[in-house]
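Order of writing sets the chain letters: A, B, C and D. Residues in each chain are counted from 1.
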Amino acid sequence: MKKIISLEEAAKLVKDDMTIMVGGFLGVGSPEKILKELIKNNVKNLTLIANDTSFPGQDYGDLVVHKMVKKVIVSHIGTNKETGNQMHSKELEVVLVPQGTLAEQIRAYGAGLGAVITPTGIGTVVEEGKEILEVDGKRYIVEKPLRADIALIRASKADKNGNLIYDKSARNFNPIMAMAADIVIVEADEIVEVGELDPNFVMTPHIFVDYIVGDDK
Amino acid sequence: MDKNKVKEIIARRVAKEFKDGQLVNLGIGLPTLVANYISHDIDVTLQSENGFIGMGIAPKEGEEDPNLTNAGALPATIKNSGAFFDSATSFAIIRGGHLDYTVLGALQVDEKGNLANWMIPGKLVPGMGGAMDLVTGAKKVIIAMTHTSRGNVKILEECTLPLTAKSQVDMIVTEMGVMKITDKGIVLIEKNPEFTVEEVQKVTFAKLIISDDMKEMEI
Amino acid sequence: MKKIISLEEAAKLVKDDMTIMVGGFLGVGSPEKILKELIKNNVKNLTLIANDTSFPGQDYGDLVVHKMVKKVIVSHIGTNKETGNQMHSKELEVVLVPQGTLAEQIRAYGAGLGAVITPTGIGTVVEEGKEILEVDGKRYIVEKPLRADIALIRASKADKNGNLIYDKSARNFNPIMAMAADIVIVEADEIVEVGELDPNFVMTPHIFVDYIVGDDK
Amino acid sequence: MDKNKVKEIIARRVAKEFKDGQLVNLGIGLPTLVANYISHDIDVTLQSENGFIGMGIAPKEGEEDPNLTNAGALPATIKNSGAFFDSATSFAIIRGGHLDYTVLGALQVDEKGNLANWMIPGKLVPGMGGAMDLVTGAKKVIIAMTHTSRGNVKILEECTLPLTAKSQVDMIVTEMGVMKITDKGIVLIEKNPEFTVEEVQKVTFAKLIISDDMKEMEI
């Protein structure tokens, strides 16, 4: 059985200077409750790996607003003007990565691969300073795997052992982040008994999950 | 021309490119409108890069599902023939060449098929999102945009803004006409009858090659 | 709607000299009916990409027995002595690949990646003649993506549009092969109407499937 | 010693290594037996590399499911806490370091931790299957085997057969004892009381370092 912990306990696992991955796509499918709790703790100098920086006033978008983040590795910042502001004032380092590359970099770490060999970004600024690998006469960028100390993810259902099911487009980066962090904390909309999820349809096997957060009790 | 009419002309024309059974990704903004003009006689599957295929029409008010949104985080629906997947699979579809068309807007596009649509240094840095993968991976890339933007010419000999991808654009559709990117340059294959060739060329900073069988664009 | 075709029509799509991928793990989850039909056609000079060469007397194991294959790319041949015999008599070229590398090579083609960068095989004969990529001081083998002209796969359920669900350990290589071939033919244990499969639990989206074979009518 | 007793001694000893909550992959043959000796006080998850975690005991006759087999194609079961996945995910688990232990047999193993267990040139070429990924990716590699095979010594200074992986073996468990691979060589940490150190060394072609607190192996 995995440890079911409170929101407070979950948020406390995130400490200054950590690298965290947060699931979600413009906030959809992100662990909102854990993030709300985390913001209360006012942790500092985080490196945030996510698809984007969401919107100000919600979920991981507010990590930036509250200046808890020193560096973001994301594919898009256009929906959170605070990210752009802090980037221009040099308070925040912004690393922009093509979305598909970002997804594969996270998957590559989880899968024990040494690099991602992608055509995306060839001929653009994205290739600058990076190693190029030629395969059968075609040029590819060598992108390194991405890992995190903690992944904060969101599932629609978790059994008490940590098997997960996601709902619709809220799945997005959650399953791959579950494989790429030392500690994985899932915020589940519903916690069910072991045996209630059909093994054929589990989306993240329980071995990837360390802690489950249900409600605030 | 009326702004909405301009958008409609462009979106309607792009939709004509699709064939039965194809998979298409429509970017946010103007390209999204293309969905409204796809013929009901063909079955075209729309991908939403945040993680599904089979995107349907926008939900009615009150029927939005917070867990079902498009790549712009707006409420979406899925057809009963659709399927959800994670982001790695979504971009495997895109990068792996399984997408027949991607339709995107542009800041600049040039006669080599280069595209710039993700940043203006020092000014606008939203990030590339999925655009670089889409333009690199899709079988065909269609740029759907107004011919100029606030008086600025966008179709150039060579892009000056940071590129989204090199030599990947196949076609440009604007309210003035339809252009194909070829080895020889940009060929005007259809023209809006409201404009002369000279008028189109005037707001295009790449030399237009006029197709021998140039057609009138439906407006 | 995808074309639902007969076993005969399906088997006829496989022609001499083609590279084919066949789903299954020691025969479990392989498209047995299509293979039985294919063997009747006595196609020649196939290149077979599969996890193994199964057992003589069944499914793709019999493609080898009937000498329809000139080359196999597999992780294991120990269960089919005919493979070993033909290898020793030089009738058959056998390329042995670590199972995880094989899976990633297939996935890489489907995902448009230029290569797989794996630590598996370093310091063994597997690395011989291959490019080595060093990432942060660690050595990895550069393995190229694998594609096929046709993938023959097996699903437990297909809707008439080609969305697929696999059953238990019969899933194995089927979903990744569905993404890595020009033509994908699925043998479905059950064909259901569009709408009967929940989009959240579809394992292979219909866009990867070209033909569905149900029964022999 | 009775063959089955030998196997039992080895399997029982290997099982003691596991801790609550760990994920383990047991190779076919002798390593499979280890499952029978895992303490009921701990929850150990077994992976089957053909595509699931949570492998249970073999099914009763008549209850076999053709779609549920282990990596040797034999009928298997899954616990209700298990999960199925495809081969790419299965090896992502293996290669990605998510596996706490892999237990495999060996043709040869040496004092550098090198392992040979997949081919004998010109004789036996079954292929590596998942073994190379397992040995490369698992956090700990345990070799479970009879100390010798038909009189042949298998624990060597240096493997002569083609390797499965270089410097990855952590522990060797045989019916004669338990050995740890260290930077200094092979350390005998437990010994079957039925044998003397000299007897063990005689059938081991690498110099055994005798641990200061060598224990008696439970037999």
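Quick notes on this structure:
We adopt the following convention: contacts are C-beta pairs under 8 Å (C-beta built on N, C-alpha and C of every residue); 3 or more make two chains touch, one makes a residue touch a chain.
Fair warning: this is a prediction, and the values are worked out from it, not measured in the lab.
Interface comparison, C-D versus B-C: the pair with the greater number of contacting C-beta pairs is C-D.
Centre-to-centre spacing of subunit B and subunit D amounts to 55 Å, using the average Cα coordinate of each chain.
Each chain gets a centre from the mean of its Cα atoms; for subunit C and subunit D, those two points are 29 Å apart. Centre-to-centre spacing of subunit A and subunit C amounts to 32 Å, using the average Cα coordinate of each chain. Subunit B and subunit C have centres, each the mean of its CA atoms, that are 35 Å apart. Listed for subunit B are residues 52, 78, 84-85, 88, 91, 94-95, 137, each touching two or more other chains. Among all residues of subunit A, those that touch two or more other chains are 104, 107, 111-113, 118-119, 166-168, 199-200. Chain pairs that touch, as defined above: A-B, A-C, A-D, B-C, C-D. Residues of subunit D touching subunit A in their complex: 23, 43, 45, 52-54, 78, 80-85, 88, 91-98, 137. Across the complex, subunit A is touched by residues 48-52, 65-69, 71-73, 76, 78, 84-88, 90-91, 94-95, 114, 125-133, 136-137, 162-167 of subunit B. If you check the complex, the residues on subunit A that touch subunit C are 104, 108, 111-119, 133, 135-136, 138, 140, 142, 144, 166-168, 199-201. Across the complex, subunit D is touched by residues 1, 107, 109-113, 159, 161, 163, 179, 194-195, 199-200, 202, 204-208 of subunit A.
Every residue of subunit A that touches subunit B in the complex is listed here, in rising order: 25-29, 51-52, 74-79, 84, 87, 94, 96, 98-104, 106-107, 118-126, 156, 166-176, 203.
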